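Pasting in a structure now, in structure tokens, and then I'll have a few things to ask.
Order as written gives the chain letters A, B, C and D; numbering starts at 1 within each chain.
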Amino acid sequence: MSLKDIKSKFPIFKSNKKLVYLDTANSAQKPKVVVDVMDDFYRNKYSNIGRGVYSLAGIATEAYEQSRRAIKEFVNGSEGEIIFTKNSTESINLVATCFSKFLKEGDEILLSEAEHHSNYVPWHFLRKKKVNIKFIPINNDGELDINKINSLITKKTKIISIIHISNVTGHTSPIKKIIEIAKLKKIPVCIDGTQGVAHANVNLKELDCDFYAFSSHKIYGPAGVGLLFMKSKWLDQFDPFLGGGGMIQNVDLKNITYASGVSKFEAGTMPSAEVVALKEAVHFIDQLKIKNIITHEQNLTNYAIDKLSQINDVEFVGTPSSKSSLFSFNIKGIHSHDVSTVFDQDHIAVRAGHHCCQILHKKMNIVSSIRVSFGIYNNKQDVDTLCESIKKCKKLFKLN
Amino acid sequence: MDLTELYQDLILDHGKKPRNFGKCNSANHDAKGHNPLCGDNIHVYLNLDNNNKVKDISFEGSGCAISVASSSIMTEIVKGKSEKKARVLLEAFFKMIKEGQEINKADLTEDEHIKFSSLAGVGRFPMRVKCATLSWHTLRAALDNEKKPINSEIID
Amino acid sequence: MSLKDIKSKFPIFKSNKKLVYLDTANSAQKPKVVVDVMDDFYRNKYSNIGRGVYSLAGIATEAYEQSRRAIKEFVNGSEGEIIFTKNSTESINLVATCFSKFLKEGDEILLSEAEHHSNYVPWHFLRKKKVNIKFIPINNDGELDINKINSLITKKTKIISIIHISNVTGHTSPIKKIIEIAKLKKIPVCIDGTQGVAHANVNLKELDCDFYAFSSHKIYGPAGVGLLFMKSKWLDQFDPFLGGGGMIQNVDLKNITYASGVSKFEAGTMPSAEVVALKEAVHFIDQLKIKNIITHEQNLTNYAIDKLSQINDVEFVGTPSSKSSLFSFNIKGIHSHDVSTVFDQDHIAVRAGHHCCQILHKKMNIVSSIRVSFGIYNNKQDVDTLCESIKKCKKLFKLN
Amino acid sequence: MDLTELYQDLILDHGKKPRNFGKCNSANHDAKGHNPLCGDNIHVYLNLDNNNKVKDISFEGSGCAISVASSSIMTEIVKGKSEKKARVLLEAFFKMIKEGQEINKADLTEDEHIKFSSLAGVGRFPMRVKCATLSWHTLRAALDNEKKPINSEIID
């Protein structure tokens, strides 16, 4: 399989021949193999997992656990430390809520100004306990000011939670350095890897963070499945997050004991078909090789930034030196939603708005922006179409 | 769908240079509106005099061309009308946008009619309907003395 | 469409011709229309909802909200009071967690001994706040002792949370009476309706409870989607549950304000395809008419109980007078897992274990049981096959 | 798959009348095992004497025929063996169940061999493997002085 004819592996581009999909950071389109496996499961093999002794349930459970192993290998995690949630948002909420028992008044949590709302709101909830949240500032380029970190960490800093790759600027946070600094001070680190996996090389054993959260639907897998890597010491120390079936050991009228390991954090029925199909997404990426994907997407990003820079009135939201698979911009004087409507006429799908990053937008003195995010199926022609549409937009709004 | 029908000169003009912008003096009614999809916020202020006439009206906020133009045009048309007439107009606006129904010409002057109707094209862009209707929903909330901000996600 | 040839509408019975699926209470099989719509969405229309201005996103959002309306009409709920979660378990956790702010030391929560772990563990978590949990007892028939309710309710009772239909005995709790009693004392009531919807007539306006939780995957819809009906006064009074994208209004470095209505409780990316396909499941049930389904399933239950009663050594787990679509039993002297393995050889899928109801099992002095649960696709032949297999089992284990 | 191969008379007999059941006297090692799928619990007790010989061994708990028979047979076979031998046997048991590998005959008496091998059929019923292996995992935990209960969901 090669990246050249990759579009043909995605049914969406057959039924929507003109579609220029530049919204992968929002949710990725699905390869045929992923949909096929899910469809086959729902039609011919459907069963809930873990709760039945009969064959269908046994086969489903085995396939489900295979998917967990595939994910584990993909991010080079460790056995028994991958938890299934509903999305990255739930993963981070789980960490924040469970971690709160170690926090007392005056303690500090360190985030960055580049965080997605899902890596801020769950920590904001803890302000009820009178803990303080500090933010590593970003500069005008959208880059994390790594030099500020040391002065922001105090004796009261109890946890650091940082975005891996910004979903607005595409900036890659220096997470390795942050984790090293934190380790010296024995502060646990949580990484919001939602835009990292499938666009960067993620090696959890090497990173050695405490938590790493991401979503299936952003890595070409089905929706409804989130992932959380959690170091096993936390599996033991945390109280459970959601309570229900599958996470208990013994229940009586007075007391309840919980299952050990990841089971403690997986309450209720999980989407078996979706998890099973996620394995195909991982396999698909593996076949293409992540290093080829990174090169492909960074080339596209560079090409696009280069071309857009040549158009008057295009203003980028940050210009970080580390490029990933996405960037954001505005056309001066035209609101992002109006731009997006014009793009839509040319079958270009981009996201317009604050991309769940109001703080970053406020810091950049804007309300909203257009985000262009690439996936494995994009090519230079997509960028060319985009540029034509920008010009059309300017003409319509009488800019030149 | 033709974009020039959506982005008519009149709309682009009101979008760029909104009329009655800011907080008007002596406002005795106001309401806030929010479009969570866009992140757009609007605040409508108005003064209802003793005869239930909209003596003054203005708005504050930011948004796309459609949203700003719709707010601006709304204030121009509603200013000086009775509360009752304002309510008739806002219902007519929703009917126009959502059901494509033309407004009764008798209700407006020719100039007002042109402005009002310039927004009819939005109806053919379903994702933009909320941009156009938010200000009118907020107007209703202001007339109703509704204290809770309007959320266009829920209403439309 | 009629219940006679209904099996043909479920692909699973084509690919597994001999399958006798008696585990619908665990998770229901999916009609072809449901899988078709989901498959089509993933292949040809895939988009995340609510966050894009482009056409695919607009169409997805519209279909998503149509599904919400369909659910609302199906259970006769009210506009703007249906929240999407990941499963019924999350729905109940949401209620318990958000309600906890109204609880103080010594306050009481009233459950029943028939609760599924998902309607006990989330409340158990609140014992940290030194609140007490009381249980409405069940009798040997598995029936809730309604006469005990009045003496169990005190001035300190702050909420009542009760299972609608037991997932072990099939007993229908007298929820209408309980809600009436609670209303007089101004105590809010939460109903775990996970086994109620699609097997009983659920009319929320008539019931007038405060919360009602259920799961898509148990009502012939896709997995990964839970439902929570919440009266609008609670929508306003509750703090949010999960924090992230989609549930905020304004975010800055010091403070955060939240979206109003159900949005406040829907953080992060939801599974759009699964929600969209859920509408088809509701439509499917509607076409068959719920009253026909109830009759069909109750007839099967009666037929089965009648036939099994004639086999020596079959011991039922409760014999409630109100029958629904399921019941549980043991064969004296044979462990439920051994029975299930024998059944599996005859392609009979049942659940063996404590069915996430350890309290009920302990009350009945057993550790585990076999549960038979019917869906719309079952028929008398399924019951006959079951009876033959029970006899085979007894022979193998040398009982007679 | 033939059920009579799984439920042999020997297994049914041990399942109904487990040997070495209860808490044995003078236990100086013990461990708990749990199968969350079944809800089955097991507690293995043993006495390792000064020569590292399993002087006595017993178990408590409830479970299916496979699980009880496996525990019962395990105690019969391991009793009197050295700790080292017990560890060889438990590895051999896992190999037999999971990979279908026969045990080295030299390691056991003929009677022990028959008992040990009677559980080989479980390997062909994947959903029941954990029922058979739980007691052996728990035996290892007891030998290791592992305080955390064994969870068969995670191990197998």
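By definition in this document, a residue touches a chain if its C-beta (ideal position, glycine included) is under 8 Å from a C-beta of that chain, and two chains touch if they have at least 3 such contacts.
What you see is a predicted model, and the numbers here were worked out from it, not measured in a lab.
A.B. asks: With contacts counted as defined, which of the two, A-D or A-B, has more C-beta pairs across the interface?
C.D. replies: Answer by contact count: A-B.
A.B. asks: By mean C-alpha position, what chain is farthest away from chain C?
C.D. replies: B
A.B. asks: Centre to centre, by mean C-alpha position, how many angstrom separate chain B and chain D?
C.D. replies: 77
A.B. asks: What is the distance in Å between the mean C-alpha positions of chain B and chain C?
C.D. replies: 45
A.B. asks: How big is the gap, in whole Å, between where the Cα atoms of chain A centre and where those of chain B centre?
C.D. replies: About 38 Å, centre to centre.
A.B. asks: Can you pull out the residues of chain C that are in contact with at least two other chains?
C.D. replies: 51, 53-55, 57, 246, 337, 341, 344, 352-353, 358, in rising order.
A.B. asks: If I count partner chains per residue in chain B, which residues reach a count of at least 2?
C.D. replies: Each of 37, 127-128 in chain B touches at least two other chains.
A.B. asks: Could you please specify the touching residues of chain B with respect to chain C in the complex?
C.D. replies: 34, 36-37, 126-128, 148-149, 151, 153-154
A.B. asks: Which bits of chain D are touching chain C when the two form their complex?
C.D. replies: Touch list, chain D to chain C: 1, 3-4, 6-7, 12, 16, 37-40, 62-66, 125, 127-128, 131.
A.B. asks: With touch defined as at the start, can you tell me which chain C residues reach chain A in the complex?
C.D. replies: Result: residues 11-12, 15-16, 19, 23, 26-27, 29-30, 32, 34-35, 38-39, 42-48, 51-57, 86-90, 92-93, 96, 113, 116-118, 120-122, 124-125, 135, 215, 217, 222-226, 239-240, 242-248, 250-253, 256, 267-274, 337, 340-341, 343-344, 348-353, 356, 358-359, 362 of chain C touch chain A.
A.B. asks: Once bound in the complex, which stretches of chain C touch chain D?
C.D. replies: My answer: residues 333-338, 341-342, 344-345, 352-354, 358, 367-368, 396-398.
A.B. asks: Once bound in the complex, which stretches of chain C touch chain B?
C.D. replies: 50-51, 53-55, 57-58, 62, 80, 246, 249, 259-263
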